[in-house]
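Across the two complexes that follow, chain A remains constant while its partner is chain B and subsequently chain C.
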Partner chain A sequence: MGVSFFFIFGAIGSGIMVISALNPVFSLFWLVIVFINSAVFFLLLGVDFIALMFLLVYVGAIAVLFLFVIMLLNLTDYPPAFFKREADMTNYIPIGFLIGVFFFSEASSSWFVLGPFQKENWDLSFPWLIISHHNIEALGQVLYVVCCCLFILASFILLVAMIGAIFLTQDKAPLGKTQQLLGG
Partner chain B sequence: MYYKYLVVVMVLFLLGGWGVVLNRGHFIIMIVSIELVLLATFFFFLINSKEIDALIEQVFMIMGLTIAAAESSIGLALLVAYYRIRGTIVLKSFSSLRG
Partner chain C sequence: MSEFFFLGCSLLTLVILGLHSFLLKFSVFFLLIFFSLYSFNLEGGKVLVLIGVFAVLFLLGPKKEEQTEVPVLSLIIVFGIFCLISSTNWLSVYLAIELSTLCFFVLIARGSGYSAEAGLKYFVLGALSSGLFLFGCALLCGIGGNVHLAYLDLIINSKQTFSDVCPPVGYILILGALFFKLSVAPFHMWAPDVYEGAPTKIVLLLATVPKIGIFSLLIALGLPVNSLLIGVVFSLFVGTLGALNQTKIKRLLAYSSIGHMGFILWGFESGSFESLQASLVYLFIYVIMTICVFSLILGFHLYKNLLIEFSGVSRFLPLFAVTLGVVFFSIAGIPPFAGFLSKWVVLLSGVLSQSYFVFLFAVFCSVIGGVYYVRIVKILFFQKNSYLLITIKALRKELHLNFKKVFLVGLCLYFILFLFVAPHLGFFFASQTIMILF
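Here is the complex of A and B:
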């Protein structure tokens, strides 16, 4: 319980630092710390393959992509809106109040049903009750057999994203090479 | 027994939405906040998957991970294209991308 709370508070505190950092590079590093904390929490939850894939995809690919774009575009001189004097946030009060009431009612309803604190013990090798295999084994059996069409569809989505990114960022190439004639 | 961690889901989701609202005009931090919202939804699916012993939510989470990767790459490509045209990333003139 204490271990999971340590990583949960690490994730939440780093999330606060993500949205309040002045420099987007620092914000991105705090985002990496959020992802590492939540991946360790997923590991404690027993979904180890997804935790490791989370580290691989987010910290290895997406955070580096963001960092590369920030370095490429030199975006470090835009302060957040709430540090400016003229920022007026009073427009957001009614919708913020409604959303806050909604989420607080969600949390309090779960507390009313189950109670806020319960004793539990973590099991790092939790056997699945329905399919009694290891996590990656069970996930592979579901993903490759039952959801194979979804798997192929995901590969097509990644292909479309790759073609779109290349098409959006390429320079307009000239149509062909033209010969420059001397003395003409 | 894992349902008390839904509070973490709620806090991360609200932090993501709050980051979008507070950092209006800064495109990179807005996309990073949307990543926080996606992280909160992944938390939600994994906690529910552990709770009701259903694997289909983990499959759905893998599909969501694919969509998140595609979305951030397309968004950053749009940002690079916009910066190449306008020389800035101020969000108030984003409507010039309409063509």
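Here is the complex of A and C:
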């Protein structure tokens, strides 16, 4: 239990560091640490698949994408808004408070609903039907056997993405004839 | 579920055929007839979808991209909406909605002018609403313990009557996401911009097909009634007041479709057999009127989509002006036309379910809404050309009406003019559709 508390507070602390770091690249690295912390926390809860998804998708894809965008934007010349006198961050407190209360109440309400049935231990992997299988194995059996039609439907979405990418990037109309200048 | 396989195989055949572009039109019509024969005994919503997509495929021009990519993408949209109509669990609902949304993003963004902005707006707001939808699904699956639609309905609606269910938060989130897709009023912000920026043929597809699919999903869900009523009142209000000050025809039609969505949603809100039938009839007539008005606009070839470009059309194109006037009168709900029939039936079912305040509000809104439809008719018949417009009009061809457009307009106009004489067809169709539900 103590280990999981270590990772929970690690995630929260590095989350605070994300919004208070001076350099955007540093805050991005803190974001990576948030993801890694929460992935380890999920691993301790017994949901391996979500932990792996966090590492693969968030750290592997999204954080790299963010890093690329930050490098392109070249934000290092500007001081962060947190330290400017005129930037008033208190505007964001009510909406942040509302969203936080909403998420927290939702999470806790599901805990209250499940609470009476299993009081001894809050183990997310317990109510699974296929308890004898490994986490990822069970998910694969559901995905490829029960939901195989949906899997094919998802492949259609990928097909549309491919068609759309080709369709949007090809030239709309042939360009008009332009004069070619010497030395230009 | 085996239906998915069937549709998927047909669609694959279609895409392979579509690669040979000269075969496309034939394959499209062959397979659509095939689809319709297959789905006629299932749900009436699919037939409405087919009507909308037939119209769009009919209107496609001789440009290269309209021969190859656009028909394929619109048929994938049909596939997605069919899956949406016949889906029974949250996962397939989500995948079907995403399939059609992605196709629409590609079709909207591939235009000229503001279409990139419109496509991006549609995509970003669609992603936001999908996020809301997935969060709601997660909450509902947490309560119900299963992904099936009916499973959750059994748990929540077990003891109470239909109207006094207290909806959980997940329902509200899902309803918000569906309102986004329907452009019902608290979530309508994207609709005028997207309608303005997108190519007109795609707007016709966007105004008819996904709305039919999402309405049939709303019937299939157990409805949290009170929150639907909020959408009804807001969209009647916004659809009326927003359109009063518009200068562009497509923005005006966007606001008008928001108002129509309010009427249709009111029929679903009442929840009785008659009101569901009434709103299905309304949906049918809405699809017909939308097809008619958009094909007329496409035929007129507007320069900047401004309303005043219609000024004085009756002098040199009297038949065109009369047709457009009839369609706009019908959309406004003037008595001898089909639009009056639909509004009358929905209002009647609302009175029968004793919601008098909403009834008065709806009548009030449709009276005010009549002002801006009749304003277009006034521009068509009584407004003089300004000099600037005369020079613009002198530089271009006047009409782009070909046989296909005229055929489509004539077919729709037949329904608009004479559905009031013998409305049994529409009511029979709608009641057959409702009988499957109960």
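Basically, the second predicted complex is superposed on the first by the 101 of 184 C-alpha atoms of A that agree within 3 Å, B and C clash if a C-alpha of one lies under 4 Å from a C-alpha of the other, contacts with A are read in each partner's own complex, and residues count from 1 in each chain.
Please note the rule applied: a residue touches a chain if its C-beta (ideal position, glycine included) is under 8 Å from a C-beta of that chain, and two chains touch if they have at least 3 such contacts.
No experiment lies behind these values; they were computed from the predicted model shown.
Of the two partner chains, chain B and chain C are each touched by A:L150.
In the superposition on chain A, A:L168 makes contact with both chain B and chain C.
Contact comparison for chain A: of chain B and chain C, B touches the greater number of residues. In the superposed model, A:E106 makes contact with both chain B and chain C. Using the contact criterion defined above for the overlaid structures, shared-chain residue A:V160 touches chain B and also reaches chain C. Counting contacts as defined above, chain A residues 106, 110, 113, 147, 150, 154, 157, 160-161, 164, 168 meet chain B in one complex and chain C in the other.
Those residues of chain A lying in contact with chain C across their complex are 106, 110, 113, 147, 149-150, 152-154, 156-157, 159-161, 163-164, 167-168, 172. Those residues of chain C whose C-beta lies close enough to touch chain A in the complex are 1, 4-5, 8, 11, 15, 65, 69, 72-73, 76, 79, 83, 91-92, 95-96, 98-99, 102-103, 105-106, 109-110, 112, 139, 142-143, 169. Chain A makes touch with chain B in their complex at residues 4, 8, 11-12, 15-16, 18-20, 24, 27-28, 31, 34-35, 38, 42, 45-47, 50, 53-54, 57-58, 61-62, 65-66, 69-70, 72-73, 75, 78, 80-82, 89, 92, 96, 99-100, 103, 106-107, 110-111, 113-114, 116-118, 120, 126, 128-131, 138-139, 142-143, 147, 150, 154, 157-158, 160-162, 164-165, 168-169.
Across the complex, chain B meets chain A through its residues 1-8, 10-19, 21-26, 28-29, 31-33, 35-36, 39, 42-43, 46-47, 49-50, 53-56, 58-59, 61-63, 65-74, 76-81, 83, 89.
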